[in-house]
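In structure tokens below, several structures.
You will see chain A twice below: alongside chain B first, and alongside chain C after that.
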Partner chain A sequence: MRLRSPRWLNNTIGVLILITVAELIGRTGIAGRSWPPLTDVVGYLAEPVAQATVLRALTATAASAGWGLVLGIVFAAIAALLANFIPVLRPGLDRLASVLNAVPLIALAPLLITTVGRESTPAVVAALGVGFVMFVAFTAGLAGASATHQDVFSVFGSARSTTLLRLQIPVSLPTVFDGLALAAPTAILGATIGEWFGAPRGLGVLIVSAMQNYQVLLLWAAALTAALLSLAAYLIAVRLQSGAVRRFT
Partner chain B sequence: MTESATDTIQSGGSAATAAGSTAAVRPAPAEAIALRNVTMSFDLGRSKRMTALEDFNLSVAEGEFVALLGPSGCGKSTVLRLVTGLEQATSGEVLVEDKAPADLAKSHRLGVAFQEHALLPWSSVRENIALPFRLARRAVDWQRVDELIRLVGLVGFEKARPRQLSGGMKQRVAIARALVLSPDVLLLDEPFGALDAVTRRRMNGELARIWEEQHITTLLVTHDVEEAVLLADRVVVLTGRPGRVRHVQTVDMPRPRHADITRSAEFRAVVDHLTDLLDVDRKAE
Partner chain C sequence: MIRRSRLAGLLHLWPIVALVLLWDVWVLANGYTSIVAPRPWSVINDVVGNPDAYAIDFLWTLAISVGGLLLGMLLGTIAAVLISLWAPMSAVLTPAALIVRSVPVTVMIPIIARVFGYEVYTVLVVTVITSFFPAFVLGLSGMASAPASSRDLFVVFGSSRPASLWRLRLPYAVPNLLLALRITAPLAVLSAMLAEFLIGQQGLGYLFIVARSYMEIDRAWGTALVATMLSVFAFLAARFVERRISPRFT
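Presenting the complex of A and B:
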């Protein structure tokens, strides 16, 4: 029997290599002054003032991303249910979703600022990204029951709402949580980008102002925090997904 | 080989006459299932069509057990699907209790076990068998569910999930699920296909016992000639594709038919005769 290194060990080794390389690039300065050693960034984050600034921004971004996630999921679920019960709506909804997804956020953001305002733009941008991913996940998931399972429900005289509840929703859950693993980082990315267009606070605001004022450490601290938040959201969704697979397949 | 008195061979396509033959003695039993001049062809795209059934006639009386026997791909499952209303005939008429087939399903009086067992992977054995109650939006009669679990020999597996069961056990769950609402019409598509010979005969015995208690109108699709003769009042042999009725065999050996009947000369003669009829196709292929 061959010994295999466990997956967590491989992952840890990968992350350590990445951190070491980033640190070395910073130490040697081969990428210029805008790439600081990671230890400096961490050291900067240990300062109470910087910590408070980043934390305030993090809270704002997480809140926008959270709202965006909820809004996106709710609208995607409503659209997917409409498509499920009124099949003639399906092609139209599919097209609408792809069009919304194809419009560049950069083009949409000024429009959003004038309509929903600077405060809400980050959440709405996040919701747009999440909405598309989740609409695709919901529609694919609800249509995922095997033909024989659908036949079983028909021959036992199941009403459409009962089939939705007892077959389509359970079948869809692994796919939906798969979608969530994509949607959660999308929400954080969307919120951060949404903050670039004049939001009062947030990691996106911090990134833009740090860039303009050449505060390299603050820029890295904000970017790193956004990346870690995104990673955390992804890992939680993946955990939920594997739970769903275990329970529903 | 055909010296047996019960071997009442009829010409193909005259399925209705057997049901009518008892009319002189008793009032004619109501016709539970009727397929009249049914043709079923599937659109294969690029203007190609495949005819699965052609000019197919079958009549099943109320309380009758009919077995469908035929080479694989001859349209046996298609007949069953037409009776469930899942499939619409290209031409001809399909009636169940004198109404459109889908009516029976809608009123939760149809029991079906498909060739693929199609259990819900997230539900336990007990929940899978209780499913028809839930789909009919009725309170689950757990006593009935547990009685069926005993009947199909799955005591101790109530909480198991389908993936923990063997193929044969899954099929038994599917049969229990088909029976749980005491349906008017029972459709079984090769329900014992995944079972070993011993369990298969045991399940045949159980099915016969259930049937003798309730006389549910039953249409059974099978590959197994002995199984067909053991269980059915009539065995309908289909031709190769497109499926038509080649032969209808009335089996009027007395019930209950115990396993030892399979060794009787009468039984063997019927089985041999039907096996020969099936072989005609195999030789032609």
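Presenting the complex of A and C:
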């Protein structure tokens, strides 16, 4: 019988291993000058000027991603409810969702630049990415109630809206929050892709311009910030999900 | 019978028809000139009428995506096997999984471009790296999902380590690896195109930039259309493979 180390200890060790490897690659310089030691990047982020630049970009990206998340969820919910109440639309909407999910977000760029403009493109790309993911989560969740429960509701003559409110929505919540855990990083991916197409500010803009101007520390600082933003969004969604599982299953 | 299947096809395909019609109505209703937004027919005409203008870049992106996808998944699987053989390294699984789930490719591509230089093969490196992580994480968790009783059975009968890897752990990893394939296939096309957009000298992402800077609007939208079809077919092909093979392993 082998002693098992507790999970958090294991994870901390894992994170430390990865950070150490990244630091060593930077220190030894085996990946060239474009891979700085992580400590240098953190030191750079402590400088007030760099901090202000990155923070300004961070707020812009977080705002776009947040708007995209909200818009995407609202539209996905509307589409899923339509599919729920008008069953004949269902197969088409399902097919549409799986196809749209595979559309490379970059392909939407020409469409969006001409229609919504450079300022709002990040939020709209984020909304599209989120919308596809959440539609799948909503439809799967709403269809997830067991046949027995559905039968009980129909035998007692419950109205469709009552079934939706008292059965389908509560049952769907864990799946919906699962979708949210996928959608939260997607919102940031979409926002940064949108920013590549000429948004005035944001982490995506900062990363690309730092890359082109060979500002290695700024590149890494902005990239780390974007990664941490995405990670935080993901972890919050996961926390909500486990809460929903405990409450509704 | 034929009519019925046509009707079923209509039930499945109406949104795509609706999208094309909406696009046309939207262009007409807003009175956009062809510089702002072209009508669908002129874009489709450009693609169908000039296949040779798209062919090379299409095949290039297809080759890079498929090559990067397969190479990345192979390396990811190998890494998963190695780590599963050496228990202490399994600590990196959870943080690595977090990276896969959360770090957007738009953050990785500029760094990869900087580290590997603005070369043609850097685009391949980008697709390899984006395909590596899902196969690594899902492959490892698949191998770990082999039930303890089966593992005990292999131990009791004195099976060697390579034998239990080949006959027990890898088969358990197959459905997960196929899931990784389905997730990664459209992602590989997306990251290849993003990398070409940023640093490429060839491929659909590059064709898109060139068309945009010369104001060839039909060509730019045509590239988007072709890229969408490539990505959707990559997804459908991966899903087909998954549905064919996965049931044999579960």
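Odds and ends about this structure:
Keep this in mind: the second predicted complex is superposed on the first by the 244 of 249 C-alpha atoms of A that agree within 3 Å, B and C clash if a C-alpha of one lies under 4 Å from a C-alpha of the other, contacts with A are read in each partner's own complex, and residues count from 1 in each chain.
We adopt the following convention: contacts are C-beta pairs under 8 Å (C-beta built on N, C-alpha and C of every residue); 3 or more make two chains touch, one makes a residue touch a chain.
Small disclaimer: the values here were computed from a predicted structure and weren't measured.
Contacts of A:A107 after superposition on the shared chain: chain C is touched, whereas chain B is not. Judged by the touch definition given at the top, the superposed model places A:H149 against chain B, while chain C stays out of reach. In the superposed pair of complexes, A:R247 makes contact with chain B only, with no contact to chain C. Shared-chain residue A:R166: touches chain B; no touch with chain C.
Once the two structures are overlaid, the count of chain A residues touched is higher for C than for its counterpart among chain B and chain C. When the two structures are aligned on the shared chain, A:S158 is found in touch with chain B, with no touch to chain C.
Of the two partner chains, chain C is the only one touched by A:P91; chain B is not. Chain A residues in contact with chain B (one complex) as well as with chain C (other complex) do not exist. Considering their complex, residues 84-86, 105-108, 110, 112, 114, 116, 118, 120-122, 131-132, 134-137, 181 of chain B touch chain A. Of all residues in chain A, those touching chain C in their complex are 10-11, 13-15, 17-18, 31-32, 34-35, 88, 91-93, 95-96, 98-99, 101-111, 114-115, 181-182, 185, 188-189, 192-193, 196, 203-204, 207-208, 210-211, 214, 216, 219-220, 223, 226-227, 230-231, 233-234. Those residues of chain C lying in contact with chain A across their complex are 8, 11-16, 32, 36-37, 89-96, 98-99, 101-108, 110-111, 113-115, 185-186, 189-190, 193-194, 197-198, 205, 208, 212, 217, 220-221, 223-225, 227-228, 231-232, 234-236.
Remark: chain A residues 146, 148-149, 151-159, 162, 166-167, 170, 247-249 touch chain B in the complex.
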